[in-house]
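Chain lettering (A, B, C, D and E) follows the sequence in which the chains are written, and residue indices restart at 1 in each chain.
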Amino acid sequence: MLLEVEGLCVNYGHIEAIRDISFGVPEGTITTLIGANGAGKTTTLKTLSGLRKVRAGTVKFEGRDITSIPPYERVEMGISQSPEGRGIFPGMTVTENLDMGAYVRRDRKSTAYEQDLERVFTLFPRLAERRQQVAGTMSGGEQQMLAIGRALMARPRLVLLDEPSMGLAPKLIQQIFDIITEINQQGTTVLLVEQNAAQSLKRAHTAHILETGQIVRSGTGAELAGDEAVKAAYLGGDV
Amino acid sequence: MDLNFSFFFSNFPELTVTGLAFGAIYALIALGYTMVYGVLQLINFAHSEVFMYGTFAALWFTMATVGGGNPGGFQTLAILIGALLSAMAMSALIALILERVAYRPLIKRNAPRLIALISAIGASFVLAELMGLRDRVTGWVGLDDDLRDYVGRARINNSMPNIVDNKVLFSIGDADVRMVDVIVIVAAIVMMVAVDQFVRRSRLGRGIRATAQDPETAALMGVNSTRVIQLTFLLGGLMAGVAAFLYMLKIEVTKFDVGFLLGVKAFTAAVLGGIGNLRGALVGGLVLGVVENWGSAILGSEWRHVVAFVLLVVILLFRPTGILGESLGKART
Amino acid sequence: MAESAPGRRVLEVDALTLQFGGLRALDDVSFHINEGEILGLIGPNGAGKTTCFNAVTGVYRPTGGDIRFNGESIVGRKRFQITQMGIARTFQNIRLFRSMTALENVMVGADANHKTGMLSALFRLPRHRVEEQQGHDRAMELLRFMGIHRHADELAANLSYGDQRRLEIARAMATDPKLICLDEPAAGFNPAEKVQLMELIRKVRDQGYTVLLIEHDMRLVMGVTDRIVVLEFGRKIAEGLPDEIRDNPAVIAAYLGVDEEDAS
Amino acid sequence: MTNKSSAGFRQRIIALPKPAKIALWVALAVLAYALPLLEPPLISTPGTDFGGVLFTVTVYCMVALGLNIVVGYAGLLDLGYVGFYAIGAYTAAILTSFHASWPLLLAIPVAVAVTMVSGVLLGAPTLRVRGDYLAIVTLGFGEIIRLTAVNIEWLGAAKGISAIQRPPSIELFEIPHLFWDGAVPLVDPDDTTTFLEFGVLDQIPYYWLGLTVVIVLLFADRLIKDSRVGRAWEATREDEDAAELMGVPTFRFKLLAFSTGAFIGGLAGALYASRQSFINPMSFLLLFSILFLAAVVVGGQGNRWGVIVGAIVVAYLPERFREFSEFRVLVFGLALMLLSSFRPEGLLPPRRTVRAKQLEHEIEALEEGQLEEEEAARG
Amino acid sequence: MIRTTRSWRIAAAAVAAGLTLAACGTTDDEGGGDDENAGGGGGDAACDVSLAFFGPQTGPAAGLGQPIIQGAQLAIDQYNADAECEVGYELIDSQGSPDQAPSLATEAAGNEAIIGVVGPAFSGESDAAGPIFAEAGLPTISPSATNPALADNGWDTFHRALGNDATQGPAAAKYIQDTLQAKQVFVIDDASEYGAGLADIVKEELGDTVVGEDTIQVGDTDFSATVTAVTSSNADTVFFGGYYAEAALIVSQLRDRGYEGTFVVADGVKDPGYLDGAKDAAEGTIITCPCIPAEDPAVAEFASAYEEEFGEAPGTYAAEAYDAANIFLDGIAEGIDNREDMLTFVNEYDEQGVTKQLKFDETGEPSDVHVYAYSVKNGEIVSDQEIE
């Protein structure tokens, strides 16, 4: 297991946002957390990257307890995130945004760095065309690509993706999921949080369903995709 | 109100140079306002005191080293550098303390922005009064006699030994351009360019810009936001220290409440140039200094501050985010 | 048939062009909405849907072309005037008045058609009483219609996500519009909620409002709209009935893609 | 948590039947009126006249209520409020003493009207500027007003204007003061206040006048807040664009807030000038704008009772603690810092803020951080 | 009621002067008074009375208040040193603002123990507090308020221990014209009551010789526009109406720019702070002041006593405050213990003080004002001549 979450509880004030959830992310896989709005998906991701305080439970990365270390150290350890709502730096150019992704790296002049940059531009040719464009003026889809590309620039062992398909057109959604699969095949472990259950179940090795802060079901992507109850609640019937 | 245009035109070069010199000091102080605003969206009201403490550091250092007569050549240069460094160190220290005591507790609690302004105002009062009551403080610890030269006359002007010969360097038309003005303008511009390049080019500078645009995402990129905020205050403090040194070089006199008016002006300069924008601070400061001088010449010095504020209003009406607009911070909607 | 709705054109967008600096966000876009119709506006990200919306509600001023509402041009009018004329909207990212109660949020909408000023309020003149009563009643009615009247006195910020979306619609309806523009109302909804929303939009229409809808969820768009306009890169690439759009090759190429699972 | 006990207290008050509630308010009002006569130990101010201090407190209360409309309700940061206060004071001074000798009762409405017009004149061009830009523009405005007064002979220059009229007196009867011997209150027959004699030596009638104005303003504030106008202000503060798109002419309402604030500021200034009987530009320094703002924010912007508390803190405490003498400003600064970090929402935040704070986290948890929306609220 | 609020510093000074600290607090006994009738040194001197200082102890103007506080303090300490009953000294801190003046004056008026006020320090606060003191019959002697109009208010309690602008202004103008033989004069003022009032009179007296004028603001530090105006006007003399803080800055900046004309100022600049601030640039400055030169033994004695007690040379208006306090103290020594008698006493007073012959006319102005010229030589303010 690259990442192990055990008995995690997160509170906002007196309210429990996350109640005792445990799961693991095996190295080299795509793991997905799906659930409705308000189920606790984003909170989970924010907790994993250190933006939220943990009330109880532990988070282990490569066997090391990281429950209470600050976000920037986690990035140094190899966890990077593409946040919900994309969160690109609107006033910076594409290249500068990608540089920000590599903030914790000290090898900016090295060939390894150049290679990583090339890798991102190969994954997202659209970005290559727009290297000097100010990110804030790009379309939603391009911003999403930039956010994912930026997360990769840290050379993460584990990349956390928060709703990459949100607000995107159907055609783009497929592209994004294709790229996620490709990233995984290139060797990066992916933890994917999604509302688009159909796509994410199709791509994920393991899936967990979150409801009101708890994991209610787990299984392989295919298992859950075939499950009638899951189908009814998350995949929707024909209207 | 008589308009005195003939005087204005016949002395245009001199008025412009002296205006630029004072404007350069505004610009350096404005930098501190602009950086903190850019990163935290807070008006660091106490920045004026950061400057004020710098002036005292420069003053005390010079007093301690000059002794009696006027030292010459190399020694003068050493004293100047020492005074500059002590002003920078003192201002930076005060800025960091300010961040720690007046801001961090509020940022941690995610307090409303206005309350941070009030906290800063409180801190400003405290810092200014501590300086204004320094003789009391040393009195309590029994150092009053030893430190009399340094802490005495706590509430009135304290002046610095004159160490730079303010000779005429060159003339434009029949206006003389003098040593101190040139030092002030050149030093200010060099420092501003250095900071600008640092923020634009360096890794830490990129961290500052990222935090300014989106603190949470910046944290996800591995930016230590506490460090970045400290760095911001530190840079602002260092620049205020430079400003303090240059101010003492030019004006030679300081007082516990000297920061207030200068702070208001420097903040005006920051807004004039586009708050959050480093280059804007430079432009705003220089423009403000020059226009104030011009206005004083035409209308009389009693309208100096009025000219400054009217300029601000007029500029904002036509360019609602200042001359150069905002850039360090996100464009606010 | 598109013309099945009772014929009168509520909104006419005529050769609308919008330019930001060098960027042409909308290029010669024309379409219209008939009274009592639900019109869907779809397209890939960055196609100009929201820009178009903003032009219609007066947030942006068109560079060229005209927008007519009930035959009257709205170009150059202030945003609040356009609202008072009868166009209301919701927002892609919910923008409620968070520290006001749900009821007050809706009353702000209702106030759009009121005239109470400082003096009437200060002296509690009859106009104030009458309008206040009307506003309150209308707001409660709308909250009930949306099914959130139990939360009338709660702060908007404290409502659940779905209720916030409903509250936004109620607030828009309170301005007593002819045309109501919904900007991605289903964002963040699960399939069950989307079904509810679809019914709600129909109900809104049945109350006599005309609806302009931006939405990504094709199931919802296909299920509820009478007609669809498709934009790409600021240009209109198709217009027609839902079935026509579904099979339009240009739309499939530009927008829907081939994966039937999502587009169906 | 102090919140809990105060909330409990509030609950109990709310639970009272209406007549009892009214009786309670009346009792409070009577107590407020009687305060300077009672000269209660601990509360009374040594070293300076209690009645005079109380008058100053009421002036600050007026100013805080006025500024609260601008800052707390409409969300416009005004750092030059003292400018309006000055315009009110100067107009009253000029009309009753310097260039004319109108009766005060005629001069006050004119002063208030002039101030209101000045609010519109300042607001019309500047209210399009947003956020902190407005703060610095208004700050400049306040300074321009003061410097103009300093530099123009027609306005009295630095010398100021003296012999400003006092309100007309109706001398009815005398009320004796209390006198405290330790903890025992005694009636002091030698020390009396003549009911409604606006004289030189007794400041208490001015306080009564000020208190009456404050009470009227409190009522008016409530009436306006609970109306279309108040809702429009709040909506504008919360989200200006959304408000505009919901049919709120936000600019007009901002201007209305600005001029209403100016109205109250001018009224406070005129009353102040009348009590003072002398004004010069010293009384309208930038520092006062800052103190006024501190009153509103420390008290709890958006809550009329909060800003009253804030005004009392800012106006009364420095007078009460004159013993600190030279350390007064230092102590005041420390107090501002401590209050900010321990009560970031203000001493008495609006009830909504309290509720919102309690529930915000819950909702955030349930809603899973709608980032953009949060930003919209913050921005 | 605790009546006395002294700063620790003054208390410490009192200790240094060999006094007992017990004197610091007046007794609380209501009407109890002293059982033993004041015998001893003071003879039939009054007991249980206080004088008050009214002016800025804190705030931006505190620098001007300090010498006044200390000047009066010195007089009271000297009196108390061999008195049976000590005279109390209340510091009423107005921060120099007319804002708080009415409440403070009302409170002082209500405190029957206070029978004389040294102050109010500034004309503004005098305007605000004057009616209250007049109503309460509490005599005041201001050591520093110079606005001529103050005497026209008809307050019989009002006095001042220095000449007003109308006496000093013409004298300064006369000196500039007759002694300096100035052909071209540039007049600067600081827009304060004192400075602007003085400058206006000087301008009026000098008439056509005034070749330029400018007004600065108190608290400003950069005067480059003013300096340019002076240098380009070719004035041979500059008159500045204002206080020492700005005067020092202006003269430094003028000299820095190579200006060589004469700098003339008035009593607001006669302060050690001017010399400290301007240093070499102060050399040659002419200061007019309605105060007797230190050659006079009484003045010299005061100056050395002041310096011994406070460790610095007497600042602006310290001597006037000393005189003002001594007038009241003389009355107390004669047994006066109420305001009414004190007022009569002050109105009829006629003695030589440190600064001048102290005698008031019916409006409260000093009836006999001589203005002297001083100049700065070798870093000291030395007397030059009396301006006739």
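Assume a residue touches a chain if its C-beta (ideal position, glycine included) is under 8 Å from a C-beta of that chain, and two chains touch if they have at least 3 such contacts.
What you are looking at is a predicted structure, and each value in this text was computed from that prediction instead of being measured.
Common neighbours of chain D and chain E under the contact definition above: B.
Traced through touching neighbours, the fewest hops from chain A to chain B number 1.
Number of steps on the shortest path from chain A to chain E, with steps defined by chain touch: 2.
Of the two chain pairs examined here, A-C and B-D, it is B-D that is joined by more C-beta pairs in contact. When you average the Cα atoms of each chain and compare centres, the chain farthest from chain B turns out to be C. If you average the Cα atoms of chain C and of chain E, the two centres end up 74 Å apart.
Centre-to-centre, using mean CA coordinates, chain B is 36 Å away from chain E. Each chain gets one centre point, the mean of its Cα atoms, and the points for chain B and chain C are 50 Å apart. Work out the mean CA point of chain C and of chain D, and you get 42 Å between them.
Multi-chain contact residues of chain B, defined as those touching 2 or more other chains: 136, 216, 302, 305. Shown for chain D are the residues in touch with two or more other chains, namely 147, 150-151, 241, 326, 329, 360, 362, 366-367, 371-372. Counting partners per residue, chain C has 160-161, 188 as the residues that reach two or more other chains.
Only residues 203, 206-207, 209-210, 213-214, 216-224, 327, 330-331 of chain B touch chain A when the two sit together in their complex. By the touch rule above, chain C contacts chain A in their complex via residues 23, 43-46, 92, 160-162, 184, 187-195, 198, 216, 218-220, 223, 254-257, 259, 261-264.
Only residues 220, 223-224, 226-232, 234-235, 238-239, 241-250, 256, 260, 350, 352-353, 355-356, 359-360, 362-363, 366-367, 370, 372-373, 376-377 of chain D touch chain C when the two sit together in their complex. Across the complex, chain B meets chain E through its residues 7, 10-11, 14-15, 18-19, 21-22, 132, 136, 139, 148, 152-153, 155-159, 161-162, 166, 168, 176, 178, 180, 250-253, 255, 257-258, 261-262, 292-293, 296-297, 300-302, 304-305. Listed in rising order, the residues of chain E touching chain D in the complex are 1-2, 5, 7, 57-59, 62, 91-93, 96-100, 102-104, 106-107, 109-110, 123-124, 127-128, 131-132, 134-136, 147, 149, 153, 191-193, 196-197, 215, 217.
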